[in-house]
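I'd like to ask some things about the structure below.
Note that the chains take the letters A, B, C and D in the order they are written out, and that residue 1 is the start of every chain.
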Amino acid sequence: MIVQLEQHITDEQLTSLRNKLTELGLKITEVKTQKARYFVALGRQEFDIRLVGKQPGVRDVHRVTDAYKLVSRKWKVHPTVIDLGDDVRVEEGGCALMLGPCSLENEVQVRHTAEFLASKGVKIMRGGAFKPRSSPYSFRGLGIEGLKMFSSVVRPLGIKVISEVLEISQIREMYDYVDIYQVGTRNTQNFNLLHELGRVDKPVLIKRGMSGTLEELLQSAEYVFANGNEKIILCERGIRTYEKAYRNTLDLNAVPVLKEKSHLPVVVDPSHGIGIRRHVTPLALAAVMAGADGILAEIHEAPECALSDADQTLNFDEATSLIEGCVRTLQLRQELL
Amino acid sequence: MIVQLEQHITDEQLTSLRNKLTELGLKITEVKTQKARYFVALGRQEFDIRLVGKQPGVRDVHRVTDAYKLVSRKWKVHPTVIDLGDDVRVEEGGCALMLGPCSLENEVQVRHTAEFLASKGVKIMRGGAFKPRSSPYSFRGLGIEGLKMFSSVVRPLGIKVISEVLEISQIREMYDYVDIYQVGTRNTQNFNLLHELGRVDKPVLIKRGMSGTLEELLQSAEYVFANGNEKIILCERGIRTYEKAYRNTLDLNAVPVLKEKSHLPVVVDPSHGIGIRRHVTPLALAAVMAGADGILAEIHEAPECALSDADQTLNFDEATSLIEGCVRTLQLRQELL
Amino acid sequence: MIVQLEQHITDEQLTSLRNKLTELGLKITEVKTQKARYFVALGRQEFDIRLVGKQPGVRDVHRVTDAYKLVSRKWKVHPTVIDLGDDVRVEEGGCALMLGPCSLENEVQVRHTAEFLASKGVKIMRGGAFKPRSSPYSFRGLGIEGLKMFSSVVRPLGIKVISEVLEISQIREMYDYVDIYQVGTRNTQNFNLLHELGRVDKPVLIKRGMSGTLEELLQSAEYVFANGNEKIILCERGIRTYEKAYRNTLDLNAVPVLKEKSHLPVVVDPSHGIGIRRHVTPLALAAVMAGADGILAEIHEAPECALSDADQTLNFDEATSLIEGCVRTLQLRQELL
Amino acid sequence: MIVQLEQHITDEQLTSLRNKLTELGLKITEVKTQKARYFVALGRQEFDIRLVGKQPGVRDVHRVTDAYKLVSRKWKVHPTVIDLGDDVRVEEGGCALMLGPCSLENEVQVRHTAEFLASKGVKIMRGGAFKPRSSPYSFRGLGIEGLKMFSSVVRPLGIKVISEVLEISQIREMYDYVDIYQVGTRNTQNFNLLHELGRVDKPVLIKRGMSGTLEELLQSAEYVFANGNEKIILCERGIRTYEKAYRNTLDLNAVPVLKEKSHLPVVVDPSHGIGIRRHVTPLALAAVMAGADGILAEIHEAPECALSDADQTLNFDEATSLIEGCVRTLQLRQELL
C-alpha cells in the first residue's frame, strides 16, 4: 500500500499515522523524494483502506499488488516527466535522443561530436568516463578528468550530459558534471549503488540487466525511488540469449510492457541491442514504433578508430539518418496510436 | 560451391561436368527446382573456380562459405519473389499481410473473417486445420474437411490460403486447398517433412524454431530448396528466453540479419512473438520498420471465444488499426531507407 | 481425473460410466494400453470423486492437477518398470547402460562394439540408422538396411537395440529390429509421431526438447501413454543456453525433479549433454549420483573416425571407465540414499 | 604473455626488462601478489619468447592465448591451494564443505549451527551479514555487527568464516572478521569491487554471474589476481535459463571445464543451483562426482523459520546426510578417477 502524504503534514499527524499503520500490522518504509512524501506500508491488508485515507495528513492511498510499488503505474497513472531544464525532457509521447561515443577519448572527439549533435538539434550527449571492461587489461576510460572536459565542452552548446557511474564514491565526484547518471547492465542489481543514487537529486537511467527480467528492472528502479529520487529512466538494451548472430537480442516486447507496468519513461539502446552498426538504425526506428520514449545510441566521427564498441558505432552520416528517421517515425506513431 | 546450369544443358554435358567435379574431389548434390538446375558441390576448393565456370552447360559458379548454400544471399543478390498469382506477392520492399484465426472453427467464422479481410484489401488468410497442441487432450483442429471448407469460402473472395502442415501424409492431402504451406516452430527441424516439401511446387513458410538459431532456420530452408522448391518464406515468431512477462521474446534483430544472409523474404508473427493482444499492433509496426516483408497475425471476430490463442488474437477493430498502421509504416520505411 | 477401470469391465458398465461422467460435465478420453484401461476425464471437478469410484467396473479414481495426467506420479506412486525381456530392465533403483555409436556405419563397427559391450555386461546398444542432420548435405545414416544388420549382429549376443525413429512411416518398418524406439530432441513435440508411437507395443525413449521444459517433456510422454503405450523412458540430454563453452548444458536438476513428477524412468545422455569427450565420464557419474536410472552414451572403436559426433564419443578404454564407474557409483547411491 | 619474475629481481633488472618488452611493442601490466611478481605483456608476439626468458631477473615466460592470463592453467599447471590455516584448505582433490545459513539472524542461531558443524568436522561456515535483496523492502542483514558476532562465536570452535561483501567500503570493515570474502552472483562483474579485493590478502570466492559465461567468470578472477591477490575460489551456483521448474539450472558441465581452463579451485552451490530443499543433497553429491573441490550450501536449524532462502535450506538431519554423502562420494571419486 502506498500512502501519499500531504506536503505540509505535521509531525503530530505523522506520528499518529505511523501508529495507526503499525497497529494494522503493517511494516512502514518512509520515503521523501524531491517531489513528495510517502509511506510504503507492507503486510496483510485485510481492511478497508479508506480507514487510512481518512487520516489527517494523508492525501491519497493506493493498493499496489506488484512486487514493486512506487514505480508502478497502478497508483500513478500520469507518466513521469524527466525535466532536464532548458526545455529538454524525457517523457512519454516524445523521443529523446541521447547520442555520443561509447568512451570519451579526447577533447577534439568530444567537440566534433557535440557540434554535430547541436547542428542536428540533439540535446543529450552520452559518453563514458568510467568504463566497465570485462578484461582488467582493457582501456578503462579517462576518468573524472575526462568527464570534466566533456561537460565543459558540451554544456555551452546547450547539450545535457549522460555518463555511467560504476561505484558509490563516483556519485559525488561526478555530480557537478552530469545531468543524468547512467547505471550499466552489470550494475542493475548493485543495490548499494542504487540506494545511494536515491539520495541524489539528478535523474538516473537504469539499464536492464544482461539477463534481467522486467520485474527485476522495476525493483531496481524501486530502490532509487524508495530512497528519495523519483527521476528515473528505464532502458532496454538487449538481453543475453542462445543466439550468437548478434551481440545481444534486443527485446522490444519490453517497451510496451514496461510502459504499461510503470509510469517511468522507457528508452532503448539499439547499439548494444544488436551490436552491428549497419542494423542499428532500422532497430532504432522499430523501437520508436514500439513506443520508446527515447533512443540511446553510440556515434563517433570515425567508428573504425573508436577505443571501444567500434563495431556498433554509427558515423555522422549514419547518425543523421537515425536522427531524421526517429523524428519522422515519432510523427507517424503519434498519428497512428 | 553452387554451379548454376544452363536450362538446356545436355545429358552429355551433365556427365562431363559430374566427372570434372568428382575429379576435383567434390561431393555433388544435384538440385532441380521449378526455376532452374544447380549442382551443390562440397569439399576443399583450392582451385580456380573459373575452371568450372568454363565448362559447357554451366551458366555461373559461386563460392558460398556459409553452412547453407542455395538460400544464401552470397550467390543470389536479387531477392526471391513469392508470386501467389492474381497479383499477390510476398517480396522484399512490400509488406504482405497474412491474417486470420489461429484455428479454423466453423464456416461462419471463416466467412466473416474473410469478408472483413477482403473489405480491407488483405489478400492472404491464415487458419489452422491441423493444430499441434502440447496436451493430447486439447482441440486439435477440424482437419482436412475444415481446410476444404476454408479454401472454398475464401478463394472466391480473391484471398489466398496459408495453413500449417504437421506431417508428410498431409502434404498431398492439403495440396489442392492451400496456397502456402506453413511449417510450425515445432517442425522447423523436422527434416523429413522439409525434404518432402521440397518436392512440391507450392510456397513454404518456415517458422523459426522455438529456440532455433538463424543458421538453423536457414539450414531448414536449404532442405526445401535442395529438394527442388525455391519458394520459401522465413518467419520470425519470437524465441524462448528466461523472461516470463510474455509468451515469447520477439527477436526483431533477426529481420535485418536474415535479410542480409538470405535472398528469401522474411515475415514476422507478432501474435506469438509477444502473446499479449493489446501489444500486438505496436510490435507489428516495429517489425515493419525493422524491414519485415510481411506480417502474420491472429485475428478473430470474438477473440474471447476463440478455441485457441484467445489471449493474443485481435478483434476486427484492432485488426483494422494493424492493417492501416502497416500500410502507413511501410510507406514511411520506403521513404526513409 | 484418472479413472482406472477393472480389467473385465463390461460394455454395459462402460456405457453407464461414460454417461455418468458426461453428466458431471467431464470430457472423456478413453485409453487402453498394454496393461490397463483408463478414462481421462477433464473439466471442473467440484464433486466428491468417490461418486465415480463407486461405479461398477471402476477400480480406482485419482484427481491429478498436473497438466499431464497418466504419466504423473500423483496417481501411480509405484515407478514404471520397462522390461525388455531376458532380464534386461530400465527401472528406478538401477542404472541401465545404453551405449553405442552415434551412427551405424558398417558391420565390422557394429560387431566390434557389440562384442565389447557383451564382454562388459552391457545389455542395450544404441546406434542410429536414420540421422536427423541440420544440413541436407550431411551423411543421413544407413537407413533400414543398416538397422536390420544392426539387430542381426547384436541380438545373438544378448543385446537389446535402441534406435531413433524420425517419421511415422518408419515405425512399422523398424518394428522387428528395435527393442526401444528413440525419439530425438528435434521430435519431442512432433505430436503426430508420438501419437503413432502410442499404438505400438514397444518402449519409447523420449529425449527432452533442445529447449524444452520438463512439463513439455511430460506432455509429450502423455501423448504416447494416452494413445495406448505405457512403456516410456524420459531422457535428459542437455539444453540450449547462452553458454558456448560446451555443445549443450546438461541439466541434472531435471533428474530428481522428473522422477518426483512422474513414475517413468529417467535416463541421462552426457555425450550430447556436454559434447566434449574427456568430460563425458565425470558427468555420467554425476548423473548417476543425481538419481539417473540409466545412461545413454556414444562410444566408438576409433572416435576420430566416427562419421558423426566424433568430438563427444568415447573409445573402448574410456567406455570401460564409464561402465565401471557407473556400477560403483550406483552401489554408493544405493547405500547413501 | 606472462613473465614470472625472480623473487629478488633488482630495480635495474626491472627497468631493463620493461624497456625490452616495450621495445617489442608490448603493453605491460605489473602484478605483485602475496606469492610472486609477474609482468602480463599484451600485444602481437611474433618473436621468440626465449628472448624474454633469457633476461636477467626473469624466472619463466609463458604464452597464454586465452583472454584471461594469470588464472589460466596454460601457464600454471599445478592447482592453486587456498590455505586458510589450521589445516583447513580448499584445493583440488579435496572437498571443502562451507555450510551455514543464508542470513545471520542472531547469536543463538549462529552458535547452534556452528556447534553442529564442529561436531561433524565441517571447518568453514557461511553466513551473510550484508544481503543483496531484489526488493528495497526486504530484510537486508544484520550488517557489520552481525559479522562480528558471527566470527566471535565460530572461530573459537575452529571454524573459518565466509561472508558476502557487497561494496568497496565493506572490504576494510569486514577484514578482521572473515576468512574468505564471497562475491555474489550480482557482483561477478562489479569490476571496481574485484579490483579492490585484489589488494587484500584474504581469499576471495567469486560466484558465476546469474547468466555469466565461464570466460566472464575467469576474467573476473583475473581482475583480482592482476591486482595482487592469488587466493581465488570459483563457484558454480546455477544459471538462469528458460526452465522455471527450479530457481536456477545448476550447470555441472562448468566443473570439469573450469578446472581444465584454470588452476583455481572450483566449488559448487547446489542450494541456489536448484533452489528446492529436498533435491539439494543429490545434486551436491553429483557435483562432487563431477569433480567439485567443495560444496557451499545453506543449512538452518529450522529452515521453515529462516529469514531468507527458506525453500532451499537443509535442516541439521539433512545436512548430516549431505556431509556424510560428500565424504563417501569423494572417496569413490578418488578411487575411480
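Going forward, a contact is a pair of C-beta atoms (placed from the backbone, for glycine too) under 8 Å apart; a residue touches a chain by one contact, two chains touch by 3 or more.
Here the structure is a predicted model, which is why all the values come from computation and not from measurement.
**Student:** Where are there more C-beta contacts: B-D or B-C?
**Tutor:** Answer to which pair has more contacts is B-C.
**Student:** Relative to chain B, which chain has the most distant C-alpha mean position?
**Tutor:** D
**Student:** Roughly how far is chain A from chain B, centre to centre by C-alpha average, rounded to an integer in Å?
**Tutor:** Here chain A and chain B have centroids separated by 39 Å.
**Student:** From the C-alpha centre of chain B to that of chain D, how far is it in Å?
**Tutor:** Each chain reduced to its C-alpha mean, chain B and chain D end up 49 Å apart.
**Student:** Please compute the C-alpha centroid of chain B, do the same for chain C, then give the distance between them in whole Å.
**Tutor:** Going by mean C-alpha positions, chain B sits 33 Å from chain C.
**Student:** Can you tell me which residues of chain A touch two or more of the remaining chains?
**Tutor:** Counting only residues that touch two or more other chains, chain A contributes 211, 240-242, 244.
**Student:** Along chain B, where are the residues that touch chain A in the complex?
**Tutor:** Listed in rising order, the residues are 211, 213-215, 239, 241-246, 249-257, 260, 273-274, 276, 278-279, 281-283, 285-291, 321, 324-325, 328-329, 332-333, 335-337.
**Student:** Inside the complex, what are the residues of chain C that reach chain A?
**Tutor:** For chain C paired with chain A, touching residues are 211, 240-242, 244.
**Student:** With touch defined as at the start, can you tell me which chain A residues reach chain D in the complex?
**Tutor:** Answer in residue numbers: 27, 29, 40, 42, 67-69, 132-137, 166-169, 186-187, 189-193, 195, 209-211, 216, 219-220, 222-223, 226-227, 240.
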